[in-house]
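Below are two complexes that have chain A in common, paired first with chain B and then with chain C.
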Partner chain A sequence: MLLRHTSSEVKAREGLTINPAKTCQPIGAMYAALGIHGCLPHSHGSQGCCSYHRSTLTRHYKEPVMAATSSFTEGASVFGGQSNLLASIETIFSVYEPDIIAVHSTCLSETIGDDLQQITKKAKDDGKIPEGKYVIYASTPSFIGSHITGYANMVTGMAEQFSESTGEKKNQVNVVAGWMEPSDMREIKRLSKELDVKIVLFPDTSDVLDAPQSGKHVFYPKGGTTVAELKSTGDSLSTLALGCVSAEPAAIALEKKHKVPFETIDMPIGLTATDRFIMALSKAGGVSVPDEITAERGRLVDVIADMEQYLHGKKVALFGDPDQLIPLTEFLLDLNMKPIHIVSGTPGQRFEKRMRQILDERSPETNFKNGLQADMFLLHQWMKNEPVDLLIGNTYGKYMARDEDIPFIRFGFPILDRIGHSYFPNVGYSGGLRLVEKILSALMDRQDRDALEEKFELVM
Partner chain B sequence: MEANRIYPDPAQVREELIQKYPVKVAKKRAKSIIINDPETIPEVQANVRTVPGIITQRGCSYAGCKGVVLGPTRDIVNITHGPIGCSFYSWLTRRNQTRTESLKDENYIPYCFSTDMQEENIVFGGEKKLKVAIQEAYDLFHPKSIAIFSTCPVGLIGDDVHAAAKEMREKFGDCNVFGFSCEGYRGVSQSAGHHIANNGVFKHMVGRDNTPSEGKFKLNLLGEYNIGGDAFEIERIFEKAGLTLVSSFSGNSTVAQIENAHTADLNVILCHRSINYMGDMMETKYGIPWMKVNFVGAESSAKSLRKIAEYFGDAELKARIEAVIAEEMPRVKAVIDEIRPRTEGKTAMLFVGGSRAHHYQDLFSELGMTTVAAGYEFAHRDDYEGRNVLSSIKVDADSKNIEELKVTADPVLYNPRKSEAELEALREKGLEINGYEGMMKQMTKKSLVVDDLSHYESEKLIEIYKPDIFCAGIKEKYVVQKMGVPLKQLHSYDYGGPYTGFEGAVNFYRDIDRMVGNPVWKLIKAPWEKQGAELEASYVTQ
Partner chain C sequence: MEQIGILEGRQRQVFEKKKGTTQADIACDTSSLSGSVSQRACVFCGSRVVLYPVADALHLVHGPIGCAAYTWDIRGAVSSGPELHRLSFSTDLQEIDVIYGGEKKLYASLIELIDKYKPKAAFIYSTCIVGLIGDDIEAVSRKVAKETGIPVLPVHSEGFKGTKKDGYKAACHALMKLIGTGSTEGISKQSINILGEFNLAGEAWMIKDYYKKMGVEVVATLTGDGRIDAVRRAHGASLNVVQCSGSMTSLAKEMQEKYGIPFIRVSYFGIEDMSKSLYDVATFFSLRPEIMEAAKAIVREEVTTLYPQLQKFKKALTGKKAAIYVGGAFKTFSLIKALRSIGMSVVLAGSQTGNQDDYARLKEMCDEGTIIVDDSNPVELSKFILEKEADLLIGGVKERPIAFKLGVGFCDHNHERKIPLAGFEGMYNFALEVYQSVMSPVWQFAPRKGGLK
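What follows is the complex of A and B.
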């Protein structure tokens, strides 16, 4: 037993988090910034922050993750980090030559009160930012929210600091990607093309964190939303935010700054959430849905109908990030499965409200908690009290799955021990198909493994 | 053996590495890029601040303390006091294996404990929440020990983790609670955290249990963290050789072993950088000499075993160790004979850690491979140049902030295991008693030594030298591989190992053989991208 000290007796905790279902803001900001073309993320804090974030993202993507750090020492922590950041900006532009530096703060620089807006302004005034280059920033204190908050803050920073309006509307729709994989972003772009709606997707980590092996290390890979695209977001017809927690804040920023109207929808994971995405995008672009997309949808429904006997009533425990858990929970209910235990470490009432909307009617008995102490330890205890047939979550779930001997599907962040997430999407109808295939394979492999010899089936 | 190729002029390489830097940065970096001469070892600038903005391999003090030194302990509830991130990133990522005797034994390694500090804790202080967390951990698990690790904000807002630990320790009575001020901003790298960890373990753990340990040849293994099962292999060899391992700092360790460590008669040190403080402090307080050994490499393992036998000076032990070596070596030799024709003459670069960049050169030379450039991520000058430079190392502001414990001989327990004359005689025989000769003495003349290698420098080095393999960590892994050069991770071993001892050597040879000979590196170019692959007429009219 790997988690041998986890008992089934649930006691309320107020101080101790055990096996968190979240991590801290800066890593989200770093990930988001990698979705701008030609951008070097910069961590304004101790070296350890940058090292940890790069390591975790690298393990998740098995790709280069380049980012710099202000390398705080005790002196900087006492006297303020301004000189470290100014020196960083100078060094980075001369050595690594990015078009953009995206600075995010850390708990260290936030605790001592470094003001990124003021420091970047000073860098500009002092001539440390070369002509045509940019430094953007986001405040991402680790002691508020989670990695999802940090992602949202950096994406909001992009929208606020790059967007311009020329007064002339462009025939395009902004799509703010909530925290999703490069494969998902690629799929969103494909679906938009299929629909014939011109979109500006930001951030966009496809062709950045799934770069090809070419024999060369391309420091700034060809992917990422360009500065020109980000600037143009102020002229777009409207904005579609994919996720109320990680994407909506950027859409709100664009509305505030340039009066670009927005609509927030769930991340298009599963059937009905993808339906809403397709409807929203076709409405925003003023187009009708082409037959090919209807056919894609039909294939997903077909598989669900064909295989419903293996899905229905199966109990699922899941943990992860709000914007993914919301549509995933809904999808599991569409599959006639029972998501009975759900935790997310990311705090916030938006998530809770949306989950209630989904769960109250169709699964009011579900155990569900988010925010402080909504951790994997609690989830595991719930699982001991009411066992499940399937666990869905990031790689850390494998310890619970092994101890409880239940099938496990890796979903979310981080996935440290398998590949696939950066190449094959979870969003859209094809993503739904992939999820159903994974769920069926996990459950049916288990049925095959456990079947009595006389009950072992050839055809299923 | 020298590889059969022409190396570039190292002086020119150095110029090329720094030419793109701003003047001040170039000047600073130049002092850390050194052309080696094993006869008269030049000075290397090490353990100094990384230039802000430079993409460095380095981490922080917390990573060195909680991640490296205390991370492998299984029966301490290690609570990170801070916002959630630090605990999350150090959760199971260092592959410290551990093996309990039964399911009843404590093992908290798969767990992550944090106080998950929130804004109000930053504003109003986090001590109260910390004490609640300690109480909850105690109530839930009743562990033997609870350790607290401070992250950056903790020191800045003035939370006194030591006072909180003391209060809870006294309250519980049966649980040793202690804290570490290992905030990430302390020092210039993980190294500060190693020192802080050594101090804490020495103060709060070592010497708590004076029960005499059993065994004739009793030693502690210092600076071995059981990554990929390294300690298991060393334990296997020790057992076979009749050596009694009293405790390990800290791979596959238990609290009870560490508390009893001072009853051993010898400390052998693997990772000098991370644990030499412990060796020194135990020598001063208890009279236990320490000796630098290396169990990475088959020859090095044999040599280290012989040194241990020499230290104990027992004929029977010597004979048994010779028998162990004689039994283990043929298997190793057979694999070398098979693989070496494929690896002979190939080149390696190692930029990692604070001792690994040195130790692993032994394995490469056993394969006939040459290390053309090497350097550490967080070492000090003594790890490069040898401990005889210790007195000439300038103590700067960053090092001064790390506490030096004032240790004196224990009035009761101090017992010099060897007289000064005996130690001198052992040194004469080549034993590194309380000493370490460093990495550079072993490297060839004109090889390049670079401390705290930056990303930019690593790409340049690869372009210039085109090594057959590059050794570093996860952050460098895929960058280097995108350049078509295999990268061996020497922190995580690419999830393989063990690499210590005789079995480990065989594992390493096979891994390197597989990596440098992998056909994938020849598949990078598509047929239509290859030179001369012009499109030919694709059909013929008849």
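What follows is the complex of A and C.
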């Protein structure tokens, strides 16, 4: 009983967080920046930050993750980090030769007051940025928001700092990916191709963090949204933001700067959210939905119908990131399951508002909380008060699943102890199928394990 | 990628052993160049890895959430009892705390946690911004210690205040405050403390067992499977046995100064060093010759079993080449010897935190043509692995996928080892792991080393 001290009595806590359901902004900025082709993320702070983020991403993806650091010292924290960043930019371009450096700040550089905009401008003025190369930045203080905020800030930085408008519209739609896996991004691109809508997806970590074994260590793998594509986003017909927390701010930035109209929809996880995505994309591209996609949808509905008896009424606890939890909750309700406890460490009212819309009618009794103290300790306490049949969340959920002896499905970030998330999507109808298969396998394996001998069934 | 050279300003941290040349000493103990893709971590990381295995203490990270989140149960330091160290506690500092200070939040969190978990002591880690906003964690610690009656130990581990090694020192400093506060009654004259052994995959248990069999009492293990009460009485031991060059030597020195306890440096990796670590302890207690007899018997028995088992691996691995890039340099010495004992040579040896003496010794040990690096990066590592045609990389979490992308085998000799690699049994595990990885059939399907072979 690793979590033996978790009591069922829920008391208000003063500031303390136990077993967080979030982490800090900079890792989100680093992940987003890896989705630009030829980009080296740069952490403007202490060495440890960069090292921790790279290790965590490496554990999650089993891939090399490259990023540089300003390597702050005591001096830098007294006199400011400007000279560290200028030196870094020079070093990086001369040695690691990226096309782009994406700088993000940390709690340290933010607290001492380094201004990334001013420093990167100075680097440009001083001729430290070679012709045809770029330095973009995002302010990502660790003491505000979460890793999701950091992701959103870096993606917004891409939109703001790369987009251009030529005055001539391009027949393409921007799709801003909320925090999702490379496999999900690959699936979004496949669906768009199937629909015959030309999209600019950004960021795009497919072919970066799921690279093949090649006998070489490729510093800048072939994937990632290109600079040309990012520049062209100002000329697109419209923008679809997949997620109100992690994707919408970039869409807003494009609307402000180039009047590109946008629509925010949920990340296409599950049946109805994917329906909305397909409809929105077909509308934005002015195309009709091809039969193949309708058939994909049909297969998912067919499986849900076939297996409905094993799903209905099952209680689920889930935790993770807002843009993934929102459509997942809706999908669970569509599966006739009961998502009864939900926490997300990422603060913000958008989550609460959207969850209310989904839950108020169909499951008003659900406990949910996000932001401060919405941690796994709280979730575990709720689970002790009202037990569940299934837990869904990142790897850290395994402690609760073990202690409470309940089935557990890994979903979200980080997943440190299983593979699959890089390769098999959760988005789209095929992602829905994968989720249903995982849920059923978890529940039915448990049923088989626990069944009395006379009730042990061959056909299920 | 091959044409990428060595970072300017890093030439002095890279050395190739060549005959007949007198080369300057390797530059080390320096902070990393700004803008490098360094594999190093920070002060906080150093403190956290050293103290984290103390299982019945509360470990509260005072700072924004990240520092606590990234260090949550990442190192497989096993406990035989309490597991409080495996939870993640943070004051989760917000913008308002950065402006007005986080002392109140720290105080409230400590009181709440101590009340709930009843730990034997509490460690408070300060992170980068705590150093900047000027929270007086010493004062908060004193206050809470007074109110709760347990030791509350501030650890000054602000990330930017140096390298990981400075974090080790800060951790040792905190431990030093505990040592000497317990009773030493009943401790045998033939007693030791094991320092710098963190019980990854249960390694400390094996080591302790050997010493126990020799008739030597282990007072405290610092910090593997650690307990506060044992730490408090560690000053009652007659000898400190220190593993791992960086992390605990400073504690051993302080204990020598304050309590007159001598120390020896050992390593538990490989047959040669493992045996020596038993003999050295026995030699120290030479007034009791039966201890040496027992040590010899253990070594004889273990080696008789182990030696034939290793021959299969040696046959397959003879002539294969290894690259080593690990945290502390001391470990590389043992690894070189251990690899040689299974027929492998070392073509690259490096560490994140080695010092001048370590590198001098490394130079002496290595073969002609071996590359020696301090604070390396993925570009250099890949370059040398390809150039030197290594078949194996020994490293940590960030190096693993690089090895696999290059098509060479890998052995984790860091936090993420899943099986004990220390001791005699560990040598077998190590040889097996190296063998499995180097000889894996997957390399038949994958291009190797950029297509060099």
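In this text, the second predicted complex is superposed on the first by the 460 of 460 C-alpha atoms of A that agree within 3 Å, B and C clash if a C-alpha of one lies under 4 Å from a C-alpha of the other, contacts with A are read in each partner's own complex, and residues count from 1 in each chain.
In this section, a residue touches a chain if its C-beta (ideal position, glycine included) is under 8 Å from a C-beta of that chain, and two chains touch if they have at least 3 such contacts.
In this text, all values refer to a predicted model and were calculated from it rather than measured experimentally.
Peer 1: With both structures lined up on chain A, is it a clash or a fit for chain B and chain C?
Peer 2: Clash - chain B and chain C, as placed by superposing on chain A, overlap.
Peer 1: Based on the superposed arrangement, let me know which partner A:P26 touches: chain B (first), chain C (second), both, or neither?
Peer 2: both
Peer 1: Which holds for A:Q161: it touches chain B only (first), chain C only (second), both, or neither?
Peer 2: Neither partner.
Peer 1: Between chain B (first) and chain C (second), which does A:K62 come into contact with in this model arrangement: first, second, both, or neither?
Peer 2: Both partners.
Peer 1: Where does A:Y96 make contact in the superposed view: on chain B (first), on chain C (second), on both, or on neither?
Peer 2: Both chain B and chain C are touched by A:Y96.
Peer 1: Looking at the overlay, what does A:S46 touch: chain B (first), chain C (second), both, or neither?
Peer 2: both
Peer 1: So, A:T225: does it touch chain B (first), chain C (second), both, or neither?
Peer 2: It touches nothing on chain B or chain C.
Peer 1: Hey, what residues of chain A end up touching chain B and chain C alike?
Peer 2: 2-3, 5, 7, 13-20, 22-27, 42, 45-49, 51-56, 58-59, 62-74, 76-77, 84-85, 87-92, 94-96, 106-108, 111-112, 141-144, 146, 211, 213-218, 345, 372, 396, 399
Peer 1: Please output the residues of chain B touching chain A within their complex, sorted ascending.
Peer 2: 20-22, 25, 49-63, 79, 82-93, 103, 106-108, 110-119, 121-122, 129-137, 139-141, 151-153, 155-157, 183-189, 397-398, 401, 455-456, 459, 473-475, 477-484, 524-525
Peer 1: In the complex of these two chains, what residues of chain A are touching chain C?
Peer 2: Chain A residues touching chain C: 2-3, 5, 7, 13-20, 22-27, 40, 42, 45-56, 58-59, 61-74, 76-77, 84-85, 87-92, 94-97, 106-108, 111-112, 141-144, 146, 211, 213-219, 345, 372, 396, 399.
Peer 1: What residues of chain C sit close enough to touch chain A in their complex?
Peer 2: It is residues 1, 4-5, 7-9, 31-45, 63-72, 74, 83-84, 86-95, 97-98, 105, 108-109, 112-113, 116-117, 127-129, 131-133, 159-163, 378-379, 382, 397-398, 400-402, 404-407, 446-452 of chain C that touch chain A.
Peer 1: Could you list, by residue number, the parts of chain A that touch chain B in their complex?
Peer 2: Residues 1-5, 7, 11, 13-20, 22-27, 42, 45-49, 51-56, 58-59, 62-77, 84-85, 87-92, 94-96, 106-108, 111-112, 141-144, 146, 211, 213-218, 345, 372-373, 377, 396, 399 of chain A touch chain B in their complex.
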